[in-house]
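The following block contains the structure, expressed as structure tokens.
Per-chain numbering from 1; labels A, B, C, D and E assigned in written order.
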Amino acid sequence: MSLSAQVRLRLGELDLGVDLDVDEQAPVAIVGPNGAGKTTFLRALAGLVPLDAGRVSVGGTVVEDPAGQIRLAPEERGLGVVFQEPRLFDHLSALENVAFGLRARGVSRNEARARAEAWLERVGLPQVARMRPRQLSGGQAQRVALARALVTEPAVLLLDEPLAAVDMSARAELRHLLRQELKRYPGVRIVVTHDPVEAAALAERLVVIEEGRVTQDGLLVEVTAHPRSRWVADMVGLNLWEGTASGTSVRVGADATVVTADPLEGSVFVSFRPNAVTLHRRRPEGSARNVWCLQVQELNPTGDRARLRLGGPVTLVAEVTAGAVSELSLADGGTVWASVKATDLVAYPV
Amino acid sequence: MAFAAGAVVMIVLPLIGLLQRVSWSTLLSDLSAHDAFVALRLSLEVSLGALAIALVFGLPLAWILARHRFPGRALLRGLVTLPMVLPPVVGGIALLYAFGRRGLAGQVIYDLTGWRFVFNTSGAMLAAAFVSMPFLIVTAEASFRSMDRRGEEAAATLGASPAYRFRRVTLPAVAPALAAGAALSWARALGEFGATITFAGNLPGSTQTTPLLIYLDIESGHEATALALSLVLLLVSLGVLVGLRDRWLGNP
Amino acid sequence: GSSSPTASSTTSTTAGSSPSTAAPITGSLDVFAAASLTGAFNSAKTTLARANPGLNLTYNFAGSNTLVTQIQQGAPADVFASADTKNMDKLVAAGLVDTPVTFARNKLEIAVAPGNPKHITGLADLAKPGVTVVLEAPGVPAGDYARAVLASQHITVRPKSLETDVKSALVKVTSGEADATVVYVTDVAAAGSAVTGVAVPDSLQPTITYPIAVVKATKNHAAAQAFVDSAVSGAVQKALEAAGFLPPQ
Amino acid sequence: MAFAAGAVVMIVLPLIGLLQRVSWSTLLSDLSAHDAFVALRLSLEVSLGALAIALVFGLPLAWILARHRFPGRALLRGLVTLPMVLPPVVGGIALLYAFGRRGLAGQVIYDLTGWRFVFNTSGAMLAAAFVSMPFLIVTAEASFRSMDRRGEEAAATLGASPAYRFRRVTLPAVAPALAAGAALSWARALGEFGATITFAGNLPGSTQTTPLLIYLDIESGHEATALALSLVLLLVSLGVLVGLRDRWLGNP
Amino acid sequence: MSLSAQVRLRLGELDLGVDLDVDEQAPVAIVGPNGAGKTTFLRALAGLVPLDAGRVSVGGTVVEDPAGQIRLAPEERGLGVVFQEPRLFDHLSALENVAFGLRARGVSRNEARARAEAWLERVGLPQVARMRPRQLSGGQAQRVALARALVTEPAVLLLDEPLAAVDMSARAELRHLLRQELKRYPGVRIVVTHDPVEAAALAERLVVIEEGRVTQDGLLVEVTAHPRSRWVADMVGLNLWEGTASGTSVRVGADATVVTADPLEGSVFVSFRPNAVTLHRRRPEGSARNVWCLQVQELNPTGDRARLRLGGPVTLVAEVTAGAVSELSLADGGTVWASVKATDLVAYPV
């Protein structure tokens, strides 16, 4: 069983052109900015919006092909969807909602109930079984929707931000559950997420969609280590510069050149981790050439560390310990010297 | 608030006027004197039959009008409302042309099966359905159109067939509007008069529904009886509407 | 001794004094008339308008019974022309109208499909098996008259339907649902080629009279009286005769 | 699908039957011969007036029935549907008792202002409103009840007064259902016959609407004219319903 | 201007009893598990669900007091709400949605348009101004809803997970914007969030609601440093044990006793950071008494680190470098020795 999709469609301002082949080996995570077309892509796979062109096939069966006049209805495609909003059936109890897909497939009343109950338990909500959707909190509703899709065990599973409304502690647990479920799930699994932690926990392959196009596609570790767009870099928390390399020297701005470890030529990306940045009260001595005097534009303490957004000849985010913040008496608007070791800069061709 | 009171006055005052004129002392004898109970039973039978016809035939049509695009849809949508506009007698004549023994379809049916609608309870039902079905269709169509379809989409991705979806998701979602439409349709069928008399005739026990009996009472000068009978008709429908609708709709 | 609702004692054919050569009628005049008089009264309107330029004549046609209710409820009627004496008597009893006069009579006739395919020649044929008959319901004058005549001849008819008025009875025949019904000659005449009439012998004809009266509350008594006179023996009477009504005598 | 076709047959076949019998050659002369155009204009005026009355008075009532709890609400909800059940003639009589010159309210109004509804276009409107308003009320109430109120909540937290909310949020949300209700109500008013002739009379130019004229044509044996006139009535309403509704509802 | 609320109400299974006083000094963040009653609490403040008892006053004016028969309508309370779902008006364009509150308050058409446009720009969506809500993506819709509430500048601002549907990179930016807006906003500001980073960025005070009750309330740094419930500990990513102290020795399980730096007596909480845990292939030597042999129950790589859930005589989460994972050849299901220094354990009375 595998999914092969060439999706071409226009919807309002969106011009979607995404090619994606997914096999049942491992779950795939899709990430991308708001409005990039992630939801629309899933909807197209599910048969909820028609393709203008292209083709979608599931396990070798063509389920949609505008040129060949083929278009299977959503219920004929054997897939399950968790939508971005819960979309529970208002007139059914939480349990009946979860049992719906089973009943629709002809599973007996008792068995459907039992399996639905088991799944409600798994998503941590055994107590809401008899409640109506409007009596549930936002997060509870989304968890019921998750159970409703998972219980039917379809050949293709499409999840659109399944954990966005789930609270942090429950999220860790649910993420764990989902990870296990997805891991052993014998089908195609695609998860849209905004959370890199979630992507890392759930998938091995990461697909980035920006403005209706796939901009990166590869193993998660590969994509997160070598971001190719500002958006991806922001998402994985790396600094990213684009520049022109000649040898180990890369020109990344009007007044700024950095030195990297590996020699390259032509257009390159340079990325580095925020915690590779060292901050100093005065210009550091020694041979480091990647040194700038920058202004603190934003200071965000998070636990025992702090993230700083610094601007000047270059713009970068630095992460330092809380101790360093007070030691250097850093504050919004102040200036500071920042240095990065050449060996911490990763350069790769555009 | 004041306007709402105006509406209540406009509707309730005439009913009070009726109540005032009913001669209470002779009410029971007025009613039992003639075919009142036969007519009432027949009225219920005919109006419920018409409602059933409207539901079985009208609901699918409403669905198609609301959810499918096809050439002539706008026209068809207009056409199905026309029986409401037609003066009842003309409606009856039109029914005769279509389903009478010499009518377009009536002739065929008669020749094939020997069945005829005229002078027959089925004819009264057909007449009532003809005038009342549009109310159900229009209300149902509007509700099918305006309902949130995201639930239906979710049901489809859960593997539900269109029929299963319709039954388990769509119908419950539009239940309040459907109930309103069914109530309108039923009430209209219960009050139906002109098309029935022209198309089906007026025979106690088979086509003489209560409104026909009331009309005859008025024509022959038995106004007191007519009013008494109207009162009973009103009470019956009030009982059904108050009793059923609240339960059906749920109380918000 | 027929029990048919014939003329009441309050009806007289001699009331009314002015001859048809009276002075022109003027002012506005509201005539409440039975719906079955629509054709005749409307065609008389043209003649009346020509002869009386100052007359503003308005008809209000409806069932006689409805008109009685309206007049009882204070409707602005000047003249009431009824299709039966029973309804007129209600207004007389209530003291709302002057003494009524008869202005037309009618006869019963059997209406059958054009060309008379069932070969119906008289009332007796209505009882033949295989002949579908509809009559008007009890309380509807035409039905009561017909039943009285049939009873006097000991003819037992099993009507398929008891129609609420003459027109719906006629429609059953024109549409082929019924083979025959009993209506007024004027109805057969009005229906033209849609039905054929089979006469009922004069000897069996009941007395069917149409009374007319001035409404007491009229604000234009002269014009009202003039219209009543015209109905008895003037332009309106001529139109009535053209529509098949019999003169008052 | 087959059932929907059944509904179409049931409604459209009689209309085709009518079309067949209209004598096309004499159509225009039939119509121009008498008060047809006067009656048509009056019909439009009366039915639109009735619709306006239904909207102004009925809509607030529907709102209150849908959104406020008060003792007797279920009863009132049933009461407002009763004019649909009442045979039209009885409805007319009831109106006379209430708004006739000697009626409960009519007397008071007449004594105070000299105004009377009977034999007056306003009376025809009142009669049409009496029979047609329930359709609007029931449909509107159902839609007010079943609509998603989360938008209204959001509007309230944005500082919108109840009236502003109603106008800018609630009405647009229920527009399709309201349009359907208004169409039903208007069509019923356009076809109204029994209550009008009984209550308002049958005066050309002021209360003789098209259905009344059709009735008279049939009474006086002019069936061809009656059918021609019915046809025109149908076309007018078809034009309005097809032309306006699709635009009003939006095309999904 | 300040808000004082004693909210008592029952709704279905929820028994809500929350007392909260908020002044205009600084924004307050509310966190808590799904179904805890956070949304219901905000709805009660807004007048969307009636109190059973208690009282709500805004700037000294009592807006609701069931005992005193006082109950102002939502529109009379002068507050703004961002709901958990966008709740945009379907028949209005995005721009008209944002302008709605201004128009409702009588602002002229042109001015309302201009201000709405400015806000759409601020939430990063100038291009969607003319679109209808159903043409927006989930995240775009929620951003429009955010703009719609902020543009009216109400005296009290209630935000229910304003950033949950916003993508990571836009979230950083929007969080920054929201932080600035909330900072200079001259009114009462309450934000419900599931994200501790968001709470830290937006608020100084943190209120934890669990099962309808306030379980912790204090300065953000205070609450996150001393969690008093498993939920809070999970949220801030700390390990938390409850135990009985006698001196520096705390009994935290049937077979487990830990040594802390500060002596205490009686019931105590013990918390420590996951990265305070050191992992060893074999039992470490020396004096460390906080040493256990544990099983790896879950292993989550996140960037250059990995989080491990370990179980045995005690349960804890450890964070180690990616290098350590491969060095120790850690894997799901394996065993490992874990130690924590006494000085890294923070103990405080229950």
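We adopt the following convention: a residue touches a chain if its C-beta (ideal position, glycine included) is under 8 Å from a C-beta of that chain, and two chains touch if they have at least 3 such contacts.
Not measured: the values here are computed from a predicted model.
Peer 1: In contact with chain C and with chain D at once: which chains are those? Just list them.
Peer 2: B
Peer 1: Going only between touching chains, how few steps reach chain E from chain B?
Peer 2: 2
Peer 1: Of the other chains, whose C-alpha centre is the longest way from the centre of chain E?
Peer 2: Farthest chain from chain E, going by C-alpha centroids: C.
Peer 1: Chain pair with the most contact pairs?
Peer 2: B-D
Peer 1: Among the chains, which has its CA centre at the largest distance from chain A's?
Peer 2: Here the answer is chain C, farthest from chain A.
Peer 1: Please work out the Cα centroid separation of chain B and chain C, and write it as a whole number of Å.
Peer 2: Here chain B and chain C have centroids separated by 35 Å.
Peer 1: Please work out the Cα centroid separation of chain B and chain D, and write it as a whole number of Å.
Peer 2: The answer is 16 Å.
Peer 1: What's the distance between the Cα centroids of chain D and chain E, rounded to whole Å?
Peer 2: The mean C-alpha positions of chain D and chain E differ by 56 Å.
Peer 1: Where the CA atoms of chain A average out and where those of chain E average out, how many Å apart are those spots?
Peer 2: One centre to the other, that is 21 Å.
Peer 1: Indicate the residues of chain A shared as contacts by at least two other chains.
Peer 2: Those would be 85.
Peer 1: Which residues does chain D have that touch at least 2 chains other than itself?
Peer 2: In chain D, 89, 93, 96-97, 103, 215, 218, 223 touch at least two other chains.
Peer 1: For chain C, what residues touch not just one other chain but two or more?
Peer 2: Those would be 69, 167.
Peer 1: Pairwise, which chains touch?
Peer 2: A-B, A-E, B-C, B-D, C-D, D-E
Peer 1: Applying the document's contact rule, which stretches of chain B touch chain C when the two form their complex?
Peer 2: My answer: residues 89, 92-93, 96-97, 100-103, 116, 118-119, 197-198, 201-204, 207-208, 212, 215-223.
Peer 1: Under the touch definition given earlier, write down the residues of chain C that touch chain D in their complex.
Peer 2: Those residues of chain C that touch chain D are 30, 35-36, 38-39, 42, 58-62, 66, 69-70, 73-76, 167, 174, 187, 189-192, 194.
Peer 1: Hey, which residues of chain D end up touching chain E in the complex?
Peer 2: 150-151, 153-162, 164-165, 168-169, 172-173, 175
Peer 1: Using the touch rule from the top, collect the residues of chain B that touch chain D in their complex.
Peer 2: Within the complex, chain B contacts chain D at residues 1, 3-4, 6-18, 20-21, 53, 56-61, 63-64, 66, 74-91, 93-99, 103-105, 126, 129-130, 133-135, 137-139, 141-143, 145-146, 148, 174, 176-177, 179-181, 183-184, 187-188, 190-191, 193-194, 210-211, 214-215, 218, 223, 226-227, 230, 233-234, 237-238, 241-242, 245-246, 249, 252.
Peer 1: Can you check the complex and tell me which residues of chain A touch chain E?
Peer 2: 11-13, 31-36, 38-40, 84-85, 127-128, 131, 135-140, 143, 160-161, 164-172, 176, 194-197, 200-201, 224, 230-231, 234-237, 273, 298, 300-304
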